[in-house]
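Some structures are shown below for you to check.
One chain, subunit A, appears in both complexes that follow, with subunit B as partner in the first and subunit C in the second.
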Partner chain A sequence: MRRLLHSEIDFRHPFVLITGLLTALASGVVVFLFLFLVIQGQPAFTRMGFAFFSGEEWIPGETYGAWPLIYGSLVVTGLALLWVLPPALGCALFTSEYLRPKARVAMKAAMELLAGVPGILYGLLGVSFLAVWVRDVLGLIDGNTLLTASLLLAVMVLPTIMTLSEDACRAVPSEYRDTARALGLTRAEVVFGVVLPQALPGIAGAVLLGLGRAMGETVAVMLVIGGLDRVPLPWYDITQPGQNIPSKLGREAAEALGSGLHWNALIASGLVLFLMVMLFSLAGNFLLKRKRA
Partner chain B sequence: MSRKTKDFLIMMALGLCALLGAALLGFILSAVLWRGWPALGFDFLFTAPGKFGEGGVLFQALGTLLLTLGAGALCFPLALGSALFQTEVLRPGKWNDTVSLLLYSLNAVPTVLFGLIGFLVFGVWMDTGVSWLTGVLVLAVMILPTVQTAVRQSMQAIPESYQETARALGLTPWQRVRAVVLPRSVAGLVTGVLMGLARAAGETAAIMFTATVFSGVLFPKSLSDPALTLQTHILTLAQEAVDPAAQAAAWGAGLVLISLVFCLIGLSLLIRRRNAVEADL
Partner chain C sequence: MNAPSPVIRLQAVTLRYGRIPVVDGVDLEIAANRVTTLSGPSGSGKSTLLRTLCRMNDRLPGFSVSGKVEVLGQDVHAPSTDVCDLRRRVGLLFQKPCVFPKSILENVVFGLKYHHPGERARFPELARRALEQAGLWAEVKDRLDAPAVALSQGQQQRLALARTLALEPEILLLDEPTASLDPESSAIIEELAATLKARCSLVWVTHDPAQADRIADRKIAFADGRILPHT
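So, the complex of A and B:
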């Protein structure tokens, strides 16, 4: 006990008891959540075995193969990353290296507002604008495709990745910049030769955190992904409708409740999603922390 | 190409990216304003909804406020208490890190899973059905990491010399919390809660099964009644993408929602900024 607490703490004091209880409650809720996911999802893993991950058929009451959902989650998130990376990094570098302090603060505030726009509004924008544009530009019958979902996600995570990367660039000591400038390097050479390499771990962390956010987003994706549980043919044709895990959960949960294995299979795919996001977030957090130290 | 031209071109390219980011915010705001403004009016803002999504959004807005404030009120003591325990009682070390990691990992739970879990635990096992209280509980857990991390970080940012002075004066931990920790971290507390509220106000997936219905109630009269909210209202209307009246109502509701969220975020930015300036002096 003594080694856990600060030395002057009297653990019979009500303050210690109350805050301790609240901490236990908060942590307990989290532990309960994880146990819940594992216990409720486990029947699907035991019944389906590896076929849960590799199967391509999801027919409630018969078989639950989550591969199309996992594929959809990975493809949509990966593509979103591809679209968002160049503009987000450019925006971060420009804001941290070229803008004056006042303009920089304004830009950061704008990005924080943008990051707070509710997901459902992105969904509405996606339905009314993006899906229509994708349909018209590519000449498709239906604008709700994997591509549309990935574009929408790219827009959604841009502010997150941009602000965090910008923080990483600002954390590079200004002596480095001054030294490089004094050596006669141009501004652009300083940015790409000094700032970017130094800030890279932090930027990687920012990207991973943004990736985690994109992966778990539900309502916006649900409205524009098309909702078809299959891997497109051929597999790289992203202009076909698809499905990802959160969207599947959002669509089917209400009907699956209490229907045995169907529910377990949904929770199991939720668990898979959670583990993937957790992996990204932990790696991202590790990289961000390391940079600061 | 000379180094100077290259330098210039790169600056232009980066500037273009920044412009794109700013233009995106501009586009989103103007799209919401442009599509939502026509729907807005006294009737839209202050009347009860009709059966099929026509009519006003008064009760949807009240429902969103109810869920958001309820979640904030429930989350606040948990976040404050556990942050105090972590900074003032528990020594830094393995246990402290474990608590941080547990709460942090909540951030990685996709919000729709909160909805599913809340649905089964409260709606079925505890047999409350779809109720606004379930929504409050689910949202409170969802925003816990946001609020708790902000509160804890603002407490950890208090200069060690303040704490040492308080200790040297012989203050007990509780006296120290009242005299030093709380007053010095109040800005962080407020901004943390505001960010949490903004997150809760914009959240749809976590409450769409657990707490809300599209029509049939106005404002919950008992603990087990469902509520109407702006978010789920927009979701239902957006799925009827072909009906122009539904579209117009969805954009109107979206405009109301985004104004609410932006007020919360703007306020937190203001407080943080004013406080940062004071700290620099």
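So, the complex of A and C:
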């Protein structure tokens, strides 16, 4: 305990003890979750081996191949980020650098309100309009596709990424802007040459948070992804139905609870999702540190 | 001997924040290649006037100008004025040193990258010249790639000066440039003023009458938004 605290802190002080216990509790939840996923998922890994990651068949009671789910998660999240980054960053820069204070506050309030809207409401919007629009525009039989899910996710994470990116831009000291202006830079040069590079770590943090939400979103995606445990043929055809890990868990967890290997396979999928989010966060942090260095 | 031609000419200039005038009906001419100091108590309008010369007050809410502000023969508020070009020709050094979180060299060439993007091959030479003019070359020549934020406050202010000088301004505006520095660093910057005036005209805002005595070719004193007589 002593080795974890600053040398001048008395760990026997009641306030230090209470806050320390609460910190341990919070950290313990993460450790518990990880252990739960490892222990409960381990039978599926043992039974299936590497085929759990590479297999394309998921037949309860027979075989559990999670590749279509992993593929669906990666594709839907990757595409969602691709769709959302240009408008989110454009909106953040416009709001931070060009809007008058009153308009900026109104814009931020609207975005923060949107960020708090429950996923199911977005899902209903997706089923009612987006899936129909995708079906009609692309001439498909069914509008529930990987593309539809990625577009819906992009709409869902837009407010989060936009508002946090805007905060990152506003946090750039105004002296930097004034100095650049005094050197004769145009507004656009100040934004792209000074504000954006300085705000980049904060923007990356915003993107990672958005990515976390996008990867974990269940209900809304479940309604529009199509629910088909299959990698499309050809693999890049995103206008076909698919499946991702949260959607799979949402559909089958209730019926699989206590059913042995089916349950273990779902938990193992959850562990894969957990590790993917962690990996992306670590990669993002690594890239940011390199950028700062 | 003829007096040098004015590089700055103000005619009945009034500067306001909302309805409150901070500079009231000022007429003034500032000659080329001189060190001119503007001094006076806080709130007397000297810094506001200085920043108006390169239009750095434009974005302040409620700020307005009446009268004519002519810099290098050009009405700075004329619709045809290119504000970015004006600011390149009229450099401004702030009270608090501001360096970008980049290397020393990148800081010096920061403005050059935007104004002379085709001359990248000459940047090291231009950076050296600017650092020499700012009296910093000898101290940093062996660590140009080191982070600028690692320099002392006084060195950072001279780096900011070098960054401005790299653009070869015709007028250099200095807004209390030594106010946040130790006496030794202040003295170095004061000494630079004497050498820099051969290349450009300096307008220096200061609170310190003794500093004005040391550096000025001409002293202008402000009070309540007006120039005091006989200055």
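Just so we're on the same page, the second predicted complex is superposed on the first by the 246 of 293 C-alpha atoms of A that agree within 3 Å, B and C clash if a C-alpha of one lies under 4 Å from a C-alpha of the other, contacts with A are read in each partner's own complex, and residues count from 1 in each chain.
FYI, a residue touches a chain if its C-beta (ideal position, glycine included) is under 8 Å from a C-beta of that chain, and two chains touch if they have at least 3 such contacts.
Model, not experiment: these values are computed from the prediction.
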Quiz item: Regarding the shared-chain residue A:178, is it in contact with subunit B (first), subunit C (second), both, or neither?
Solution: second
Quiz item: Who does A:63 touch here: subunit B (first), subunit C (second), both, or neither?
Solution: neither
Practice problem: Identify the partner contact of A:42: answer first if only subunit B is touched, second if only subunit C is, both if each is, neither if none is. | Solution: neither
Exercise. Check whether A:186 is in contact with subunit B, with subunit C, with both or with neither, and answer first, second, both or neither.
Key: both
Self-check item: First (subunit B), second (subunit C), both or neither touched by A:239
Solution: neither
Quiz prompt | Broader residue contact with subunit A after superposition on the shared chain, subunit B or subunit C | solution = B
Exercise. Using the superposition on chain A described above, determine whether A:194 touches subunit B (first), subunit C (second), both, or neither.
Key: second
Self-check item: Touching partner for A:5 - first (subunit B), second (subunit C), both, neither
Solution: first
Quiz item: Is there a shared patch on subunit A that both subunit B and subunit C touch, and which residues make it up?
Solution: 186, 189
Quiz prompt | Parts of subunit A lying in touch with subunit C, wherever the complex brings them together | solution = 175-176, 178-186, 189, 193-194, 198
Quiz item: Can you list the residues on subunit B that touch subunit A in the complex?
Solution: 3-4, 6-7, 10-11, 13-18, 20-22, 24-25, 28, 31-32, 35, 77-82, 84-86, 88-91, 93, 95, 98-99, 102-113, 115-117, 119-121, 123-124, 141, 144, 148, 167, 172-174, 177, 198-199, 201-205, 208-209, 231, 234-235, 238-239, 241, 247, 250-251, 254, 257-258, 261-262, 264-266, 269, 273
Quiz prompt | In the complex with subunit A, residue positions of subunit C that touch it | solution = 54, 56, 84-88, 91-92, 94, 96, 98, 100-101, 110-111, 113-115, 160, 163-164, 167
Self-check item: Residue numbers on subunit A that touch subunit B, as the complex places them
Solution: 3-6, 8-10, 13, 15-16, 18-23, 25-27, 29-31, 33-34, 36-37, 40, 86-91, 93-95, 97-99, 105, 107, 109-114, 116-121, 123-125, 127-129, 155, 158-159, 162, 186-189, 191-192, 212, 215-219, 223, 245-246, 249-250, 253-254, 257-258, 266-267, 270, 273-274, 277-278, 280-282, 285
